[in-house]
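Take this structure, written in structure tokens, and hold onto it; I'll ask about it next.
As written, the chains take the letters A, B, C and D, and residue 1 is the first residue of each chain.
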Amino acid sequence: MLKVGIIGATGYAGGELVRLVSNHSELEISFLDSRSYASVEYSKIYPNFKNIVDNKCISINLEKDLDEIDVFFIALPHGLSQGLVKKILEKNKKVIDLSADFRLRDVDTYEEWYTVKHEAKELLVKAVYGLCEIYADRIREADLVANPGCYPTSVILPLYPLLKERLIDSDIIIVDAKSGVSGAGRSVKDANLFSQCNENLRAYGIGTHRHTPEIEQELSTAAGKRVMAQFTPHLAPMTRGILSTIYLTNNKKVKAREIRDTLEYYYKNQQFIRILEEGEYPQTKAVYGSNYCDIGFKMDERTNTIVVVSAIDNLVKGAAGQAVQNMNLMFGFDIDEGLKQPPVWP
Amino acid sequence: MLKVGIIGATGYAGGELVRLVSNHSELEISFLDSRSYASVEYSKIYPNFKNIVDNKCISINLEKDLDEIDVFFIALPHGLSQGLVKKILEKNKKVIDLSADFRLRDVDTYEEWYTVKHEAKELLVKAVYGLCEIYADRIREADLVANPGCYPTSVILPLYPLLKERLIDSDIIIVDAKSGVSGAGRSVKDANLFSQCNENLRAYGIGTHRHTPEIEQELSTAAGKRVMAQFTPHLAPMTRGILSTIYLTNNKKVKAREIRDTLEYYYKNQQFIRILEEGEYPQTKAVYGSNYCDIGFKMDERTNTIVVVSAIDNLVKGAAGQAVQNMNLMFGFDIDEGLKQPPVWP
Amino acid sequence: MLKVGIIGATGYAGGELVRLVSNHSELEISFLDSRSYASVEYSKIYPNFKNIVDNKCISINLEKDLDEIDVFFIALPHGLSQGLVKKILEKNKKVIDLSADFRLRDVDTYEEWYTVKHEAKELLVKAVYGLCEIYADRIREADLVANPGCYPTSVILPLYPLLKERLIDSDIIIVDAKSGVSGAGRSVKDANLFSQCNENLRAYGIGTHRHTPEIEQELSTAAGKRVMAQFTPHLAPMTRGILSTIYLTNNKKVKAREIRDTLEYYYKNQQFIRILEEGEYPQTKAVYGSNYCDIGFKMDERTNTIVVVSAIDNLVKGAAGQAVQNMNLMFGFDIDEGLKQPPVWP
Amino acid sequence: MLKVGIIGATGYAGGELVRLVSNHSELEISFLDSRSYASVEYSKIYPNFKNIVDNKCISINLEKDLDEIDVFFIALPHGLSQGLVKKILEKNKKVIDLSADFRLRDVDTYEEWYTVKHEAKELLVKAVYGLCEIYADRIREADLVANPGCYPTSVILPLYPLLKERLIDSDIIIVDAKSGVSGAGRSVKDANLFSQCNENLRAYGIGTHRHTPEIEQELSTAAGKRVMAQFTPHLAPMTRGILSTIYLTNNKKVKAREIRDTLEYYYKNQQFIRILEEGEYPQTKAVYGSNYCDIGFKMDERTNTIVVVSAIDNLVKGAAGQAVQNMNLMFGFDIDEGLKQPPVWP
């Protein structure tokens, strides 16, 4: 059994990691770290874990608590994991960082969009962007995996094959994404109150959301040239789920068949990617609580537009599930170990 | 007091008409027609109206029941109002039709998208498209008003001024619209069940929704040339509200100031249109239960895109509220009579 | 036009007061007080009021800002209104206090349940408990009205007539009440987050909720003897609404007819009370956004139990609506002025 | 691997069975029966199962399709399983029936409350009431298990020990239960529409719900005397979950300690029952998607009432999960096989 430490265990991504790790046959939780809840029983914060997880939260001391741990998950807000990662790597341990700190290869882009200085830039070259279906080979060798953001996961997975195969030749791609409220985390603010979010739908951070450069980095890599994303996120009145609707000009006159063949070819051995049939579109409920990414599309001949739609559970494939999938790759476990439960419907 | 007859009073648009008409100082409900609920007390179907509306539903006979009515609202599914409208106009009465039957000026387009024959094409020339803020003058003179669809209202109101003033010169406009479930009406089908819609978000009818030609008709009118809309509707887990996010290429390099000035100029005397300030975006809760249309936008310089966002209550500004506003114009009442209550928040 | 000042205008009850007052033909808002949002435009906090309410919040100074105001609403948390009320009454102004501070006639009970000292006990004799349908005569004469709590309103209205007429002779009455999340106010805490409340239902404060003595005070008054309430509140995943299900032992073997006759007799001229027919039970949606209280009941002969169910909108009849109704009584306006809009359905 | 047949696989309980069975290490789905969807791919009805369950629905013929199946689950509405069960037992196969048909030992009670004739009364003596934590020994030997109803499960589990140990001596017990909408099944009717259920809470079937005699049968068994339940179900605006709040007069002056000790003693080896600590109350989210039943209580000394609260997921512990747990008992598998995933939060 691998010993696992989760740093920042009391946010929603941390809670989801605990759910998945506690059900993983090769893992055992060593500690759950939380500065604000140190010495509180974890199941007092997340009552779903009563009698399942009996840890108390601790506030870890990386100088001494590191040795017996095999793998670390860090689920802290951006800017807080850099020093931790450094210490973990110095001890030759493996770490999956769910924050944004090691996702962007270009440090200037990071510092511009996140408006903080990067304190561990020398590690960026070691970091592998943990999009499992695309970078599995590199992830298997990695010590430091930068777990992708929720929105980027939902956007890059459907687009990567299309750009890579040059089926699309856009400089600008329009992404209209809708997220459940858990995507905003457990931060206690007016905008996340039930009475404010329920029966409400709104756009936010148009053109300025921090996931934009992450999306662009990967789409550009795929396309072999600079691609920009017009990214508009929305908050929808639901707890979980991201639905991304992506608009591509069909400037190379490809056929629906080519799109479908390409997606199916790229993902034919990827069990967590499901390509829907013609006329079917993804819905967030169909992936609820699971690590699936559903992808559908429509060739709108009239307007010469390809509309691609994807759905993920933002806390699973968009965070903790993908982190476990990365760890499975890093340690040679079955790719779906700990991730086998089907989506919950209804 | 004007005597009002509502035909098709038991759908959601019908119910909303009753709510607004019953609170209108110049109106009195004469009959509530419903084939399926004939002789049932209306407040048994809509318990909110207990002790407020004491009508029983009737199944009207237009040969005899017409004479004492001053104005008719028809809230039937498309295809059912054509014969009724003919009879009403023959008696020199005024009618606001909430169905799609008289919205499209081109009968072939109607028959193609709605896949039914139009049985009253000769009346199409008499019909005025009832978008109050744009066609007020013609509505004042009209006997037959075709009340706009919910999605089209949310799309045309923000775009009309921009196209009319040639600030945008697109042939194709991308519209990503999200609607509450009441937009699907009271039709009893699996897809509208609570357990299916709750915690779920999905796209549907991509590129094939029947509101597409209605949107295109009006945008083309504004632009003075053929404009197409790539229209993708979504179902969101809420009862009321439409949020439309519209993507325009800034191919004429206009400034934010010009967009703002144009919208403000067009709507400066239109109390139901609210232009939000820079950095503010519409949210459906801010218009809940009211006749407002909120409009915001963002110039995304990086991607050279103008993102326009609008919010309406689909049952009020998108249906019954706009119908009452049309009637206010037709009979010379204050434009906001019956529509004064502020939105309900939270 | 009466000049109105609202103290504590930025909580949910305050926001609802603004909604109702802004639509009241005899009232004009003079100021909206908020310590935390002083000098912020009110419509920045509540975007539904854009272009409707153009006030900026102020932090009032009661020494100087009092003179030109005709009536005050106070919507502060308990403990904060006592000094304000004193100053207002000294200036011979009328005040409706929505807090709990003047609801309990017995100061010891207040201090025990609210665990604060009462700083204005001498005013308790002047305070009238503002349950409009029961105490209208006294309210008309009052300068200080203590607006009832949301849960108590939903419990006392259906039970008062039954206890007064001695149809029930219980010492202990069981009240199982379910509230929407807006009842918890706008306080920003973990338990009120969307992701925590959505798809969740829970009991809280069993036997210890502060509304218990308020319920007992009024039920005891009605019964002419000490009556206790076993009061169990629940939080339901909705924004608005309270449904109270009340269990009474039919120890006097009354008939359904007597219950019905008594309720109908007491409330026959009370337009905001609706007694449902046999077999019909209240639902919160039927009173949404309105000042109605719906009451239904079932004689369960098998178990010798009378089950009484009531529904209100906690922010209207349970707070701001009843406050406006009280003010209508105090100033001789029509009882439904500002409260005429029908409930919003769906 | 045991071969499983699910009869009535397309209702919500059927769908949940498929979710759990597909993740059970000892089971393999042989067929999914559905009259209305025969020959439709199961994953077209439940898109969450795409690429997970590739069965097409069949309409089984019990004369020929029975032989190779090891165990049957029947998830049909009441009245439809009687003939099927007879045929299955004749072939010496084991069956878990999720309908109400074999739950009530007294056939007259069944026929009175369900208003249909029982066509297989001779089998009632063979049927074991499948409340796993209470009747495990008998279930292990059973060929026919009557899987308990959702509401009864939530009521009997917390009360059985208290009545059995004579801590309570009531003739009448008050049960106020709140259920998510999935409890009403997938039946397509107006009352289950999203727009009707969302932001709504209502009581229904007060004193007449068919789960009443089932509750009473088991409580009477426990108490060793006739016990009646005043049972009031409510519909809450959520998909899953039942919260039952139960009111008991403390007529034997027991202490909180005795209640707690008794519950803990009865359930100390029952991993799916969690007794919450003092001051903690169950919430439906803490059991979401899982087979847990959470139980808490409050001694309200003031009113001499014991308030017991329980929470289950109506589709898991209240239906499919308990059915799998029963099957685990019948075949000697680990009790939690297929039921290990922790509840989903948030």
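Note that in this section a residue touches a chain if its C-beta (ideal position, glycine included) is under 8 Å from a C-beta of that chain, and two chains touch if they have at least 3 such contacts.
Predicted, not measured: the structure shown is a model, and the values here were computed from it.
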Interface residue overlap between copies chain C and chain D, same or different (over half shared): same
Across the interfaces A-D and B-D, which one involves more C-beta pairs in contact? A-D
Could you tell me the distance, in whole angstrom, between the mean C-alpha positions of chain B and chain D? 46
Would you mind pulling out the distance in Å between where the CA atoms of chain C average out and where those of chain D do? 39
Distance between chain centroids, defined by C-alpha means - chain A, chain D (Å): 36
Which positions in chain C touch two or more other chains at once? 12, 180, 182, 195-196, 198-199, 237-240, 283, 285, 288, 346
Which chain B residues qualify as touching chain D in the complex? 12, 180-182, 186, 188-190, 192-199, 237-239
Within their complex, state which residues of chain D touch chain C. 172, 174, 176, 178, 180, 195-196, 198-204, 206-207, 228-230, 232, 234, 236-241, 243, 245, 247, 281-285, 288, 298, 300, 302-305, 307, 309, 311, 346
In the complex of these two chains, what residues of chain C are touching chain B? 12, 15, 19, 22-23, 46-53, 182, 198-199, 239-240, 271, 274, 276, 280, 283, 285-290, 294, 340-346
